[in-house]
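Each structure below appears as structure tokens.
Same chain, two partners: subunit A is paired with subunit B first, then with subunit C.
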Partner chain A sequence: MEKNGLLEGRKKFIMHKENEVPITISCDENSLSGAVSQRACVYCGARVVLNPITDAIHLVHGPIGCASYTWDIRGSLSSDSQLYRNSFSTDLREKDIVFGGEKKLASAITEAYAEYHPKVIFVYATCVVGVIGDDIDAVCKNAEKELGIRVLPVKSPGFSGNKRSGYKAGCNAILQLMGETKIVETIPGSINYLGDFNLAAEAWIIKSYLNEMGVKLLTVLTGDSNYESLLQAPRAELNIVQCAGSMTYLAKQMQSAYQIPFDKVRFLGVDETVIALRKIANLLGDTDIIKRTEKLIERKLTEVTEVLKQYRERVQGHKAAIYVGGGFKAIALIKQFNNLGIDTVVIGTQTGDQEEYEMIRSLTKEGTVILDDTNPNELQKFMLEKGADILVGGVKERPLAYKLGLAFIDHNHERKHALSGFEGAINFAKEVDLTVNSPVWDYIN
Partner chain B sequence: MAKSKSRNLVNLNVNPCKMCMPMGAALAFEGVEDSMVLIHGSQGCSTYIRRHIATHFNEPIDIASSSLSEQGTVYGGAANLVQGLKNVAAIYSPKVIGVLTTCLAETIGEDITHIIKESGVASELKGIDIIPVPTPGYAASEYNGYFVALKKIVAFYAREPKVKTNHINVIVTDLTPADIRELKRILSLFEVEYTIFPDISETLDAPYKKGFDIKTEGGTTKSQLRRMSAAIATIEFGWMTPLGLSPGRYLEETFDVPLYSCPLPIGLNGTDLFLEAISKIYDKQIPVELKKARGRMLDAMIDSHKLNREGRAVIYGNPELIYAVSNLCIENGIEPVVIATGTDTNPLVEQLDQQLSRYRYNPIILKDCDFESIQEIAVEQKTNLLIGNSDGKFIKEKEDIPLVRIGFPIHDNIGASRQLYIGYEGSLRFLDLITNTLIDKKHEAYRDKMYNKYFVN
Partner chain C sequence: MLNATPKDQIERTGLTINPAKTCQPIGAMYAALGINKCLPHSHGSQGCCSFHRMHLTRHYRDPIIASTSSFTEGSCVFGGKSNLTQGLTNIFSIYNPDVVAINTTCLSETIGDDVGEIVRDAKVPEGKTVIYASTPSYQGSHITGFSNMCKSMVSQLAVKEEDKANGKINIFPGFVEPSDMKEIKRIAKELKIEFIMYPDTSEVVNTPNTGKYEMYPSGGTTIADIKDSGNSIATLALGSYASQDAAFTLEKQCEVVPYVLKTPIGIKATDAMVMNLLELTGGSVSKELEIERGQLVDLMVDIHHHYHNKKVAIYGDPDIILALTEFVIDLGMVPKYVITGTPGKAFEKEIKEVLEAAEIKDCIVKIEGDLFGLHQMIKNDPVDMLIGNTYGKYIARAENIPLVRIGFPILDRVGHSFFPTVGYKGAMRLIEKISTAFLDKVDMECLEEDFELVM
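Now for the complex of A and B:
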């Protein structure tokens, strides 16, 4: 530990942007013990990806905590079944740890089926299950045979990697559900939309754009998806991927298994949304779609431009710090702040990759601090040093911002307002205004 | 006579009504001055627990993890643990570090006490007390984890006292920071010296000030913890606590500090018992101000007694809390229809029997239960009131039964740390909240109900 209060082992995860100097930052590594990382675990990552599947039973095989802390904490919306909002657990006890939990799991699956008749059950392996060696593959396979439904193991012991590994575990379970090879015909002109969890109706907002463009949206993965819609997904002609951190892997697998090409988009902010919509239209290459897309963009831009201008006048000149889960969100946020006349002075992610950090470097001004897997201590230090007066972050970062007297933007899975698309851009600007222009800041000085 | 039941499904817990041991232990350390917690396990445990606590109290909660990976799991996590302790010391320089285990650490056989001792880390980090607390998540709930940690902390500091002091220990559970401030006020009115343990009144409800420092002020101090064995008596809000877990019992057995086990001072009777205990220990009269508050509470109880009789309540949460809340309800004619806890011990049946039979109440008592079971019975029994933490919001939303919040966690409302539930004044505020909830519900439905019932038909 140095005088400036940084742990030696954390230094390679921290970069100060200087022009012309290529960035090297360590990322996608294990968190440093005792550094108070803001990350969760593999199980958390898997649950993020799978939980929005609405008619599934999400059965956590392990002691109670994992299911307790993740029960209905995310704002994913459903147009149909509400089953996914429950948290099911095998609630393993000491004797199960000693004698093994397979029997209990098998019985739990039977009980869950008898009570709820789901078409699919996801069985999440937690830390202890990974250690005591329960063969959950076998238990799931037997249950499938016995019950005639899909019972899919999710390999998510908490210690077996980081949140990114959890995304992958979740994606693997989805692939298993969809099948190893394509056995259905492609529906021409149809697309899947990957990496939107329908928080605060975000996927529905994007769906409404696609409808207006004349694009057939087959399946969203995984916001407001269900057993049937996931089985349809291999029929799409194109996959578009948002939230690249969690879903690029799935897109690649779907490309090799079902020959569905994919491209990445971002629907955060007006600029990104416009680029994304044009990209989709051009990829599908239909002149009617392209025409309708331009019309939609024109109409939406007329709606939002003036509103955003007014917000910009109210909020410009502030300095932002960003700490979010994935790199794609961080990148989009820098641009959104730019459009509002706000510079980003501190930025970090929990699970960003090298490519994303390079992009972040290119988008930020000299002197910006870039952080991977940071902690409250570093956040506080750099926010104060760089004079940030607004922080974007998750639930754990919020109280820190408030104690420091900083404005705060909720960019987490619990929020109740959409941040995607044109509507989301307005919501974002409005939230910046709500927080930075609150009278409360006049009273703390 | 109360009927005791468990949850509906044998092998499946649907919507948990409990949390895990490290959660309770982490909460216990939050009330120790200048302390940090390091959870020995995978990264998720500490992050989930932080999130849960931070959202309830709206305070920054820093809890470290030893961030065990595959390697640590296969070859042992000693190196991670030692490095973690050093890093926590370097960033926070705390006076105390509580080291908690997890399902993972316990299952791979990590002996944290041994690791801390053998590695020499304790002597390297001079001036920091490292207190290991084994809290395997599968062994019990957060309720047990809390008391296990309290007892470990008390035992860590307790020494045979040279001289007895004239102060009392007050060992608390399930209290808010505002409750603890009220507790201090009450004790000051008696003009007695006290040690409250754990004391979250400042640590989890810190005032805003310029120049925030993550080292929050407040909490039970080391010197207060050291003098607990010299106290004149211990009052422990641990009426339901299994004897083996009770720190007060430990002080009594080891250092002859007499233990007064009391229910939480919620409700008329609950508060009476607490004040009588202080009065007895010091042979002092109950202060006039508190007598007046009692009179006001009685006056208010009369005011709302008919309204309260229409309440049919589902009470859930930790044993200590649901016992006290049930008593408040019974005193006021609110029928406790379901009394539920997710922990697997629930001595409520015997404890409440006398009060229940006095008013001919026959509640269903659930232990080791989940919210699925609670929801089913809540509907079946036509209840009209939920009293417990915010996890009841699911039933509230689905069955349209109003929820009055008490306990941990409260995530869907703001200000949990400022709520006052104890003493005559706190109990009365809480009772008013319950009564007003019943009134609102009644008034909202009044016109439509009458119209549909008598005019349309």
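Now for the complex of A and C:
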């Protein structure tokens, strides 16, 4: 069963980059039972996508835990309402499990409306709701009629897939809000920006670029969005998609429902940002926009190149391990590390897909270890084996890195500094510098 | 931002806003971490395990390890037996813990998995131990889950053996910080008491940095000690909500006499614990503890004018806030609101006794309350200070009230893992925190002519 401290069943989730034909990695499968998995659930995924909708009430239908653990943990910033940062729950009890929770849900919706008069309430179905069979569709529909607002069910019982299925459940709720068909006029030259949750104000950085380029940004999905801005989204001429893992599905649905074409971009790191901005300008095809874009790029590049050079001198030669949620993020991080003179030696994602893993393979050097849905044991083993001295990860990986005496960068929803765009590239370099060059490591053997 | 909280209170029957509790499994997981070389296992969807680990990791800033049964649609239809059976095999072959402590979730409870039966049928390698606790998220709170796991430790491990009386006292510390558990052990040692404490998360979730990652750190109570607790003279259950059930179970099972006391926060509750321990063993207070107590009294006297008559709102877990309420009254403060999210009638009775003894009449006590409700009450009738977990920071900011962070979780400050709030020293630390919070606010906000060097 056990070999090299790895579960036999885990082997197909791990790939070593060697000089041989590419092997496939098992991704998008469920974690092994008994594994110390870092993965979350369907509900968590749905929450990721919908939580940044700022003026909505996010009502979690289930026992209290699911609402407690997601209470304001994601740093999505809002320029207006802060309503989404509260935690709403039906707090289901034993009698509700026995007799059904529909009544309690109906009261909860009415009461939530009475407190805040929101225009939209998202009702998340959690594990137990999926089992006891509450008809949340019917409850939501009734509530819509009664209250005259949108009340949208989110089908997110935790067991019904993985985090990716949750993204889809979230996207479906957004689609339901926007309507099944296009009934509004397209606004020429306008775009939506999908897959940025405005963590640490990242969407605002991109928004400032688009502004300068003369591109009309209609709606960000879903960072700093709200009821009104989501309703505007079907009017866009083009969708650009960043966090492909969570939002490609929505882009595809919007293409078929509203005939909005889409393309993928990445704003992580200087190179990706330049490519992304040019891509957007070219897709819109307006010569004025293209000209302004080049001017923006030129100015920004001058600004950041010198700064990055200074940081590169301070951090190059280190070895990085990356463990993040999405594959696209992992790819961008590899490139950013490369720019700073840092090789990535271990890399893993929670929800990367086959295509992304191929890309990762092509970007990394021989001997790099590539992991899907890994656990602390594997991470430790490979980080030590490969001599990594900085880890990029999320909440659960931070203390692990610290115990091993590794520098750490939070690239999850806890991050405090924007990592998008040119500013983000500088922030990233700054963070790498701050952590690898801290004197605290001198005290660890 | 929470200024948007409406002042007018509407009766809510179905809706909780900004909860003052969370669900059972996380408490069970925390308790399980207090067993030496134990891997907690969450029998449910992988999200539960992930959320619990994330939350505990944020609170303790240490790696928190637990495994999951990773339920799928299929598990829900056919039951989670094969997941758990396979899971246990995987756990022992790869992670190799000495003990696996399984907690259930709302999902596995609702589909009716009989975890006891599954465990009995599973192949557990020789020398390894598996315990389990039923912890449905739709009953009680994280405190109930902690209590249930402690109860399972007793019922599935403790044994009374013939002629094996060990002369020891069992101490059940309740849902407190690792620093608190360590402090309670120190006090017991000061009193020259032979004891068995469990769970004990000190040096499990507040480990030193050695440059190595230990999946199973050195801390935690051994299985041998938990077994042996059936041979002890008596059990001190600290905090009725977290520890009483385990103590009563041990009484039934092994005839170990239970003493249920408050969590030893504050001077009265610490005195009670010390006295109880001494009565059981016939010893006397050590010089060191006497000095500590005297210093505490000295500090209470030195700066009582800074907090006397200040109104305070206390929220969080019943055992903790009961003892805290008693202590702030001893300091001359006035508890105005005492709120817990954890259900259970006992709390109301216990807190009433404390309030009546101090002749405090207009304190609002709420069980199954939430922080939205607390905020509304504060908007209508304000207080001078909040004492509770990190979640109070929204109210603190909106209303400009200083917040002293005590309880679970604390996600935005450090210290709780290493500096206790229990015992005499802990009480001194509380006074430091409370007075500093008041005085910092005065320093930042008072008029220039009122700004003082000596306070």
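The rule we apply is simple: the second predicted complex is superposed on the first by the 442 of 445 C-alpha atoms of A that agree within 3 Å, B and C clash if a C-alpha of one lies under 4 Å from a C-alpha of the other, contacts with A are read in each partner's own complex, and residues count from 1 in each chain.
Keep in mind that, in the parts below, a residue touches a chain if its C-beta (ideal position, glycine included) is under 8 Å from a C-beta of that chain, and two chains touch if they have at least 3 such contacts.
All figures in this text were calculated on a predicted structure; none of them were measured in a lab.
Visitor: Subunit A superposed: clash or fit between subunit B and subunit C?
Guide: clash
Visitor: Considering only touches as defined above, state whether A:128 meets subunit B (first), subunit C (second), both or neither.
Guide: Touch partners of A:128: subunit B and subunit C.
Visitor: Quick one: classify A:83 as touching subunit B (first), subunit C (second), both or neither.
Guide: Touch partner of A:83: subunit C, not subunit B.
Visitor: Who does A:269 touch here: subunit B (first), subunit C (second), both, or neither?
Guide: Touch partners of A:269: none, neither subunit B nor subunit C.
Visitor: With the two complexes superposed on chain A, say which partner A:195 touches: subunit B (first), subunit C (second), both, or neither.
Guide: Once the two structures are laid over each other on A, A:195 reaches no partner at all.
Visitor: Once the structures are superposed on A, label A:153 by its partner contacts, choosing first (subunit B), second (subunit C), both or neither.
Guide: Once the two structures are laid over each other on A, A:153 reaches no partner at all.
Visitor: Now for A:37: first (subunit B), second (subunit C), both, or neither, which partner does it touch?
Guide: both
Visitor: On subunit A, which stretch or stretches are contacted by subunit B in one complex as well as by subunit C in the other?
Guide: 1, 5, 7, 9, 30-44, 59, 62-71, 85-94, 96-97, 104-105, 107-108, 111-112, 115, 126-128, 130-132, 158-162, 376-377, 380, 395-396, 398-400, 402-405, 444
Visitor: Help me check something: in the complex, which residues belonging to subunit C touch subunit A?
Guide: Touch list, subunit C to subunit A: 1-2, 4, 6, 10, 12-19, 21-26, 39, 41, 44-55, 57-58, 60-73, 75-76, 82-84, 86-91, 93-95, 105-107, 110-111, 136-139, 141, 207, 209-215, 341, 372, 391, 394.
Visitor: So in the complex, the part of subunit A that touches subunit B is made up of which residues?
Guide: For subunit A paired with subunit B, touching residues are 1, 5, 7, 9, 30-44, 59, 62-72, 85-94, 96-97, 104-105, 107-108, 111-112, 115, 126-128, 130-132, 157-162, 375-377, 380, 395-396, 398-400, 402-405, 444.
Visitor: Would you mind writing out the residues of subunit A in touch with subunit C in their complex?
Guide: Listed in rising order, the residues are 1-2, 5-7, 9, 30-44, 59, 62-71, 81-83, 85-94, 96-97, 103-108, 110-112, 114-116, 126-128, 130-132, 158-162, 376-377, 380, 395-396, 398-400, 402-405, 443-445.
Visitor: Touching residues of subunit B toward subunit A in the complex: what are they?
Guide: Within the complex, subunit B touches subunit A at residues 9-16, 18-20, 22-23, 38, 41-52, 54-55, 57-70, 72-73, 80-81, 83-88, 90-92, 102-104, 107-108, 136-139, 141, 206, 208, 210, 212, 214, 342, 372, 391, 394.
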